[in-house]
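Reading through the structure tokens given below for one structure.
Chain naming follows the written order as A, B and C, and within any one chain the residues start at number 1.
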Amino acid sequence: MTEHTEGHIVRRYDGELAQLRGMVLEMGGLVLFQLDQFVNLLGNSTEKLAKQIIERDNDVNRLDIESHRDVLKLLAKRAPVATDLRTIISAAKVVTELEHIGDELVKVSCLYIDIADSKRPQLDENLLQDARVMGKMAHTMLRGAVDSFDTVNLEKSIHVAQESRELENEFQAALQKLTNYKSLESDNNVSNTLSMVLVINAMERIGHHTKNIAEYVVYMAKGKDVRHVGLDRLFEEIYISN
Amino acid sequence: MSESNHSGTTSMPSSKRAFDIVTDSLGKRYAAEKRFRIYGIVSIMLAIAFLLILLVSIVSKGLPAFTYTQVQLPITYDETVVDPEGGRDVDTLSRANYSALIKSSLRELFPEVTERSELRKLNKIVSSGADFLLRNRILENPDLIGTQEQVWLPVDDEVDTYLLLKDNEAFGTGRLSESQVSWVNRLIQDGKMENRFNRTFFTASDSREPESAGILGALVGSALTLLITLIISFPLGVAAAVYLEEFAPKNRWTDLIEVNINNLAAVPSIIFGLLGLAVFINFFGLPRSAPLVGGLVLSLMTLPTIIIASRASLKSVPPSIREGALGIGASKMQTVTHHVLPLALPGMMTGTIIGMAQALGETAPLLMIGMVAFIVEVPGGIFDSATVLPVQIYLWADSPERAFVALTSATIMVLLTFLILMNGLAVLLRKRFEKRW
Amino acid sequence: METITTSSTSVTKDTPLMTPEKPNEVVENKVIDRDHRGQTVGDVTVENPRMTARNVNVWYGDKHAIQNVNLDIANNEVAALIGPSGCGKTTFLRCLNRMNDTIDGCLVEGEIALDGKNIYDKDVDVVPLRARVGIVFQKPNPFPKSIYENVAYGPRIHGLARNKTDLDEIVHSSLKRSGLFDEVKDRLDQPGTGLSGGQQQRLCIARAIAVSPEVILMDEPCSALDPIATATIEELIDELRKKYSIVIVTHSMQQAARVSQRTAYFHLGDLIEVGPTSEIFTNPKHKLTEEYITGRFG
């Protein structure tokens, strides 16, 4: 554990903070696993895998509720200030972001089940490739963000923010590709392309949420709100000012 | 196995639980507690018993002194005896032979007594101080001359002692002769001799004759002495306490002064008497035996008590009161006079009264400055010779006449009454003016 | 982890009172060497200050109770002094109206100015000073006199009222301002010691403001009070801020957070950090401040 939870005179407080952080990390692990499975789904679509992802979301939701309950309890009981306050608020925000990521994954997994049910032709491998790349990028980012929360490693947070920009570029490129897709005229392809747009959009959203997580880590450590600032400012906040 | 189970500790050598150990030792603990309580009660009972013995012995001995056997005689204020010149001149009146009036009255009562030596014995029944009473009556009211009235006159102390102790076989008739006893018995049968309230005890000063001895002189002497003591020691003591407690810097000098004041309170009082003798009488030439000197000496003795009590009283005023006053801009002096002193005053007065009570009972230092003299006059001022109550007790305790035993105890009772009154006043003051904060 | 412990590097660059030669060190462990401290994190100065303390050192005999403290007290602002017991916050507070003069062996060095005039100058009289800088103590200490007399005492000794009507006016307005008037208006002649703890403390505040001070010092004014009475006093402090400068010492960090605009953290006689209260309680710069307010002091 880090100094963010340790060293209180009231040791129960340490324990409660550590428990909250543990819950966030557990949730992060679950969502990472969901994302990993979804990337697999993109290569090798099976209904079973999609259902697993959807079922996994129940656990994510449970952790979401539990961690919010713990946050409220901590705020009420301990009246946290300074680093403790920032840790707790950040944890609450990170949990929300993770929950959103889980929801995105459930949404696109449902899409997969729909496609399987309607016996529509499978998705174009060419399009899937883009989605897979984005999925893998999002996965790396999310792993980095969860790691940076775990170890309060701001270098990793910066890295996530940088990767988020790459993912954005990838998303724009993939969108461009889709608009120029030659078999757009085909009826089947229209619905497939729409599905594809939804998938890459979901990946983009996941990237965005992940970036937020990384920014909350910076807030937790530094007390500086670095959301909605440019990468340069972020860099400056972390490395230059204390 | 079952032993190792309970309470789960292996470090405890015995299988007993702590609760059992506590229960086992409880009896012993309660017994010790009870024993201690009994010690306390026993010592208090002992103290009360001794006090009771003391009080009972003093009261039983002293009570008779508040009454005195008196004889009712028909006195004719014969103008030829009292005022032969008829000028009603005070000088003549006071020098007249009043005992002749008593003698003639007695002779009329007992006409059968004619023998010269028997007549002398008859005259001895009435106190030798009785003629002063008659003189005072005439001086107060010269119109009585030429008239006759029934007057209650004190008997001789031997008669009083005989009546007090006549049931005692070993006493017999004491120093009274057979004939005197028969006269006394006849007077009692006629209702002309009875035990009446002894006014003399409160209205007269010291005398060689117990029947005409009183405590007024000592009482006034005590009052004057205490007045001087109060006037000197209270302002001085309070001022010293206020300075030391509120203004003086805390350094080695004030520490030294404090230690010395505490030591002074423990100095034997006779040493103050010696000091008074050397300084006030020999050096300043103040009159011996005077309440002024007595008061000065007692002031020296009381000062430490008052200073210590006043300082304690000032200390007990919470510092928050001083800070409160200083915090809104009161000066040091205003803080003390407006807030600290009013709160400390009840305690100071209590201490002063306790000190005064102590001074009232003090004997030794007054012996040194000559307040032990035989003084018949009631002192009229602080420069007159005087004695005080405890010294009076000391003097009478030394006197050979039996009747002085009762007087001594009676004086002790008066002194104790005053001490109790003063202490009661101290308690009352404290209860009444003590402020809660 | 290194990144977050580099506190206090950029703070003193625009405070001319500091000695910039000394580098600010990062406090890594909790054992703090006195020689390597003494620099305050955050801006100790304010614009247009009411009081300014410069290089204040206080000794109680041999004990160096306060070291080189610099702090400004702003107008219409509540400044909270926090810190562990024995850190010198109360000592510093009592320096501000020379209440320390009453303590034997207490030596104050440095300069404390009220409206630009050093109150420790030889020609300054403490009596008018204490009328200008009032103080309210930890334990409510009304005089054992009537409520009216408690409030009237200050104006009376300073001669602030010309007649009885004036005095009544001062007493009533002071009681009103301290929020006590409605509760006690029918029993002004009853002893102030008969009031409840919270009322007594408000009576003490009324007593302090009756002499029209400019600054009010409060030494843990709520430590003996229940939460409701505390809330009443806190509301009163917020109200009084419009007219006075207030310096409050408190052991309750929540209270400091609630009532103050600026917070100063003292530690073992040093002023460690000063800053806007919201800043101190969300993102303190100094490790010691952080450890203290989050309850990590070992």
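Points to keep in mind about this one:
Going forward, a contact is a pair of C-beta atoms (placed from the backbone, for glycine too) under 8 Å apart; a residue touches a chain by one contact, two chains touch by 3 or more.
Just so it is clear, the structure is predicted and the values come from calculations on it, not from any experiment.
With contact taken as defined at the outset, there is no chain that touches chain A as well as chain C.
When chain centres are set by their Cα atoms, the one at the greatest distance from chain C is B. When every chain is reduced to the mean of its C-alpha atoms, the one closest to the centre of the whole protein set is C. The distance from the centre of chain A to the centre of chain C, with each centre set as the mean of the Cα atoms, comes to 48 Å.
Rounded to a whole number, the gap between the C-alpha centres of chain A and chain B is 100 angstrom. Computed from the mean C-alpha positions, the centre of chain B lies at a distance of 60 Å from the centre of chain C.
Those residues of chain C in touch with two or more other chains do not exist in this structure.
For chain C in complex with chain B, the touching residues are 97, 99, 102, 104, 126-131, 134-137, 139, 141-144, 153-154, 157-158, 193, 204, 207-208, 210-211. Interface residues of chain C facing chain A in the complex, by the touch rule stated above, are 1, 3-4, 6-10, 253-254, 257, 280-285, 289-291, 293-298.
Touching chain C in their complex are the following residues of chain B: 249-250, 318, 320-331, 334, 338-339, 343, 435-437. Looking at the complex, you find that chain A touches chain C at residues 2-3, 7-10, 13, 79-86, 152, 154, 221-224, 238, 241-242.
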